[in-house]
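I have a structure here, written as structure tokens, and I will follow up with some questions on it.
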Amino acid sequence: MNFRSDNVTGASPEILAALTEAAQGSVASYGSDPITARVQDKLSAVFETEVTAFPVATGTAANALAISCLTPSWGAIYCHPNAHIEEDECGAPEFFSGGAKLVHVQGPHGKINARELDRRLADANIGNVHHVQPACVSLTNLTEAGTRYSPDEVAAIGKVCRKYGLKLHMDGARFANALVAQNCSPAELTWKAGVDVLSFGATKNGALAAEAVVFFDKELARDFAFRRKRGGHLFSKMRFLSSQLDAYLEGDLWLRNARHANRMAALIAEGLAGVPGIELDHPVEGNEIFARLPSAIIEGLQADGFAFGQWGTAEAPSIRLVTAFNTEEAVARKFVERAAAHAARQAAE
Amino acid sequence: MNFRSDNVTGASPEILAALTEAAQGSVASYGSDPITARVQDKLSAVFETEVTAFPVATGTAANALAISCLTPSWGAIYCHPNAHIEEDECGAPEFFSGGAKLVHVQGPHGKINARELDRRLADANIGNVHHVQPACVSLTNLTEAGTRYSPDEVAAIGKVCRKYGLKLHMDGARFANALVAQNCSPAELTWKAGVDVLSFGATKNGALAAEAVVFFDKELARDFAFRRKRGGHLFSKMRFLSSQLDAYLEGDLWLRNARHANRMAALIAEGLAGVPGIELDHPVEGNEIFARLPSAIIEGLQADGFAFGQWGTAEAPSIRLVTAFNTEEAVARKFVERAAAHAARQAAE
Amino acid sequence: MNFRSDNVTGASPEILAALTEAAQGSVASYGSDPITARVQDKLSAVFETEVTAFPVATGTAANALAISCLTPSWGAIYCHPNAHIEEDECGAPEFFSGGAKLVHVQGPHGKINARELDRRLADANIGNVHHVQPACVSLTNLTEAGTRYSPDEVAAIGKVCRKYGLKLHMDGARFANALVAQNCSPAELTWKAGVDVLSFGATKNGALAAEAVVFFDKELARDFAFRRKRGGHLFSKMRFLSSQLDAYLEGDLWLRNARHANRMAALIAEGLAGVPGIELDHPVEGNEIFARLPSAIIEGLQADGFAFGQWGTAEAPSIRLVTAFNTEEAVARKFVERAAAHAARQAAE
Amino acid sequence: MNFRSDNVTGASPEILAALTEAAQGSVASYGSDPITARVQDKLSAVFETEVTAFPVATGTAANALAISCLTPSWGAIYCHPNAHIEEDECGAPEFFSGGAKLVHVQGPHGKINARELDRRLADANIGNVHHVQPACVSLTNLTEAGTRYSPDEVAAIGKVCRKYGLKLHMDGARFANALVAQNCSPAELTWKAGVDVLSFGATKNGALAAEAVVFFDKELARDFAFRRKRGGHLFSKMRFLSSQLDAYLEGDLWLRNARHANRMAALIAEGLAGVPGIELDHPVEGNEIFARLPSAIIEGLQADGFAFGQWGTAEAPSIRLVTAFNTEEAVARKFVERAAAHAARQAAE
């Protein structure tokens, strides 16, 4: 009954089993173990190109470390004003980059607009020492609004990046959800569209605490290992990080988990769309639903025992629901039923 | 047969079981869960005082984040020249502190000498803007030489710290091994001896990846949560970090694991002491053995399938053996036997 | 004929003479000289309170060092989107603060709106580790639009700062121009209105390279000397920095210089206001004029030999004129005459 | 009568005159002026190669900015334990480099020993992520002991740098004194011996506050302008910095000033060498004298009105005398006479 976030969930049984299995025997530490090598191979297969990948334990570490490879300390990182790196990481990108500046690029439904980006870069005083220097773009897929970028949309941004010599990072904390929401390959959604580095999330989609920073350009990865160690993010018993990713990628567990989460979100979104007085803030394209609805319904749902995020203001209340790999269909259906019931009661009053 | 480090080992079954159990149900994220609260309580009980504790996943993160609370960026951190923070963390303390300087204080067998520390601080130009300002001392217990500080030795350093207004950090990556090596309480070895913050290690002693930064002074902990988040070290599914510590502390698992490891080290050390041609570099007081021995014996042991760290130089070869919670007694005994056999063969030649 | 900026000018003869005089004899270095002490006293007299002041050579250093005393590295610095610290210092505040974030507060004519600031702070998630923490506000007086904050306007912002526990910095690169533009005392425009630290500019108003960071709260200044030294901004022959400030404050040179510059700007502004087709972008309240005018007039003035900054876009061209302590009245008058002549010719075509 | 340092002096009349002259007229700001261009040309002529040079106002800024171009934040900077960058800059190199580590290389009389450097680098774990990575060497010429490196000595260190892929920085706060002390060209003492970047000091040798960071490798200078601006070290009225260097280089003023200072130091050193009970700590090869002498003589000289630095300990007192461009020969002679007189009196007692 908890839709607050996909991080209130536990972990996939397959991943827990892999951890226990990985605990056997003694192996080399700090990533020189066979499981870590296998993860690298699996990611190369998934992305249909040889990638350079580094497991880390948190999404913030993945993003901040990745971005620190793309900008000098006097660089500018272009992102949506609602990006996780801007709003929810307590300044981690600034910390890891030595003080780079995050610059906002607006766009509806959490997405950077490529033309707006182009316009901003044209005015960015490139080469002028008085100003921070455009270094990279970071986009989030799924976005913070629960919407997805298509390969074409990513490619449009990638093209602007290349025009001005910027690198492109994708925060893929919910990459699996973005991917299964559309008919494309991991390669098409990333490097084929111009992405240089991907934060490949697993934690929100069934892992305990595991992400991979995936470089499509080996040269950009050159310093990553030093930055990871220096940031305290190199695990001595690396097998316990890698085995999560290993199991996550095995037998398409990651895609199955994401498909389930997305299906549950679609089920709820369709249900709510039919309830008078409830309106969706954004298209529901992954596993997140943002909806505006009267306070009375919100309170009714809370009284029913549902938990969810509260957004918006007192006058215009809004909620966020996040589904996950283990959301029960019965609970999702019940949520819609109860919302409809509260709406009907309110209409009757 | 792998004595290379205590991080080549897997994890205690009790801790793996706790992880699996913790995966059930949905709980609040980012540390607002009951397991995290319980760890805080258990640590307060262990240390016989109310502590403020923060789980993190790596020892480098624990040390660097702890130290960053004790020094301004223009501060000096006094430590032994062989300290892990100086030699093995790729500059993590400098990174998290914004560029503080690590200053060496010599002493035999990996231990800071309190009188030498006093002498250095007396000459440290406190208050003079041309010089970095003494801010804290960091000592390691067990030391990098496998020796332990007694409560009295810690207290002597703590006294110098207070004399000059410095804070005292203890890197306790092997704190359990240091503790069970002597007849004292956790409180006596830490805050009662003047320690302000402890990196309380669990990874090397049976956890997968878990340490706690334990503040004995709440005021010093004030900014820690921001620093941890900003450093990418706040786990969203915190229960998976906390449950490791929870199981580690439950039923004295941590002490039992450390006692076993120390016993195995003592067994090997005693055995080697009886072998002609082998000399111990340092007293063996925990779970580490540093020994000088002829190359021929080293090669013989490697041929037998034993793995261990190699120290020293070609002319004066030295090895490091680290025992762990799961070192098998038969393997330890076999190591001694084989060393003796190689020595005897060499003597015969 | 050069109105490009107030930093294209030379220096006041009084200040040059003071430098030469200060070169006599040997004195203590690094600020322990009598001239530096005298500057401190003069600034205390000017501000009618005991201030703690530090000479530095550039405005960027003054701002960035001052702000670094007001924010932790995970802090947020609230400023106007056009603030010099945001747009023109290549990220210096981020560098000196260890990566703090500059957050925009909009307002017309370059001025932060106090109500907007209040609204932003009410939503700022104070105490929540996921977000950077509001630490200080920085306002510029004169603003980047050439307008001035009155004591009441500063006080309104100061009140919001105190409500949320923030510190208030004023970038006074053109403080003298802001002050003489209105009937108030230096104290009323600063600490009596809630300003904690002032970057007191002299370079733009007749010095060679000299600013003073003026703390009205001694406690906030505690670490400044270390930060200044560490930043490479402590002059060994400090007398050469201090003597500039000494002469600047002597006999109200700073006020006379600013009054002249403001009078020249007013003369030009009034003249341009009477020319058809020319419109002022902002009220002219100090020594800067922003005006929209047809390209043909701009080109005509350039052909006449006038230099000035070009703003705006090709479709809506705009210019910036800055007057200074040594702007010749005849040149100012000629500028207006020529603008009028070009406008008349254009009207006739 | 003040031998405390060469920064207790005023400035050369030629340089003061140049400042006053530079104040005339309006010129482009931020270094786009003709004087700054001329300094670049003069330095290229002096060093017999096209250099890329940047004026800054302090030696600490010159060193820290230069070094920040030579090391990543996880780099190691090798220097003598008594180097100014290690002991006297409050951690500026750490600040500007983002937390690099200064590593000591011993050697007598303030000079790095090339063989010791080679030995250290051979053990430096290059490429291993656990350790900071050797990035550059910084040597000081004149050294902190008043001794000079010859071109051959620099070249020996330069050769080790190239062997391990490190860059070589020379702190030339007293470069002129080191140069005129021996029969070699500026080129021979720098780039021909492997120096990549030089902090070319002028402040201690007659300027008010001016140094040039001189890059012999244009590629290494690529980011310098951004770092200088971001550090608050770009002067808006740059002509006032450049004109000091311009006059300093004009007509060999810099060499004449240094020759005088060195001659005065030699005069004193020779005098003191003849006084029983006084011993020189280091060879006097520039404008600094370090001498051990009885407390009674020290006190006698102070009573005579002489000022100088006090080094050493109560049991083994030592003094530092620094001569300068304007040290009067009569005063230097008087110092020797008075020292001899105090020694004679003491011997008689």
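Chains: A, B, C and D, in written order; residue numbering restarts at 1 for each.
Here, contacts are C-beta pairs under 8 Å (C-beta built on N, C-alpha and C of every residue); 3 or more make two chains touch, one makes a residue touch a chain.
The model shown is predicted, which means the values in this text are computed figures rather than measured ones.
Chemist: Can you spot which option in A-D, A-C or A-B is basically C-D again, with over half of the contact pairs the same by residue number?
Modeler: The same interface as C-D is formed by A-B.
Chemist: By mean C-alpha position, what chain is farthest away from chain D?
Modeler: For chain D, the chain whose C-alpha mean is farthest off is A.
Chemist: What is the distance in Å between the mean C-alpha positions of chain B and chain D?
Modeler: 42
Chemist: Distance between chain B and chain C based on Cα centroids, please, to the nearest Å.
Modeler: From the centre of chain B to the centre of chain C is 52 Å.
Chemist: So the centre of each chain is just the mean of its C-alpha atoms; given that, what is the distance between chain A and chain B in Å?
Modeler: About 35 Å, centre to centre.
Chemist: Residues of chain A touching 2+ other chains?
Modeler: Only 30, 73-74, 89-91, 95, 98, 129-130, 226, 229-230, 234 qualify.
Chemist: For a test of understanding, state which residues of chain C touch chain B in their complex under the given definition.
Modeler: So the residues of chain C in touch with chain B come to 30, 72-74, 98, 129-130, 133, 223, 225-230, 234.
Chemist: What part of chain A is in contact with chain B in the complex they form?
Modeler: Touching chain B: residues 2, 4-5, 7-11, 16, 19-20, 22-30, 56-62, 64-65, 89-92, 95-96, 203-204, 208-209, 226, 229-237, 240-241 of chain A.
Chemist: Under the definition above, what is the set of chain C residues touching chain A in their complex?
Modeler: Residues 73-74, 87-91, 94-95, 97-102, 129-132.
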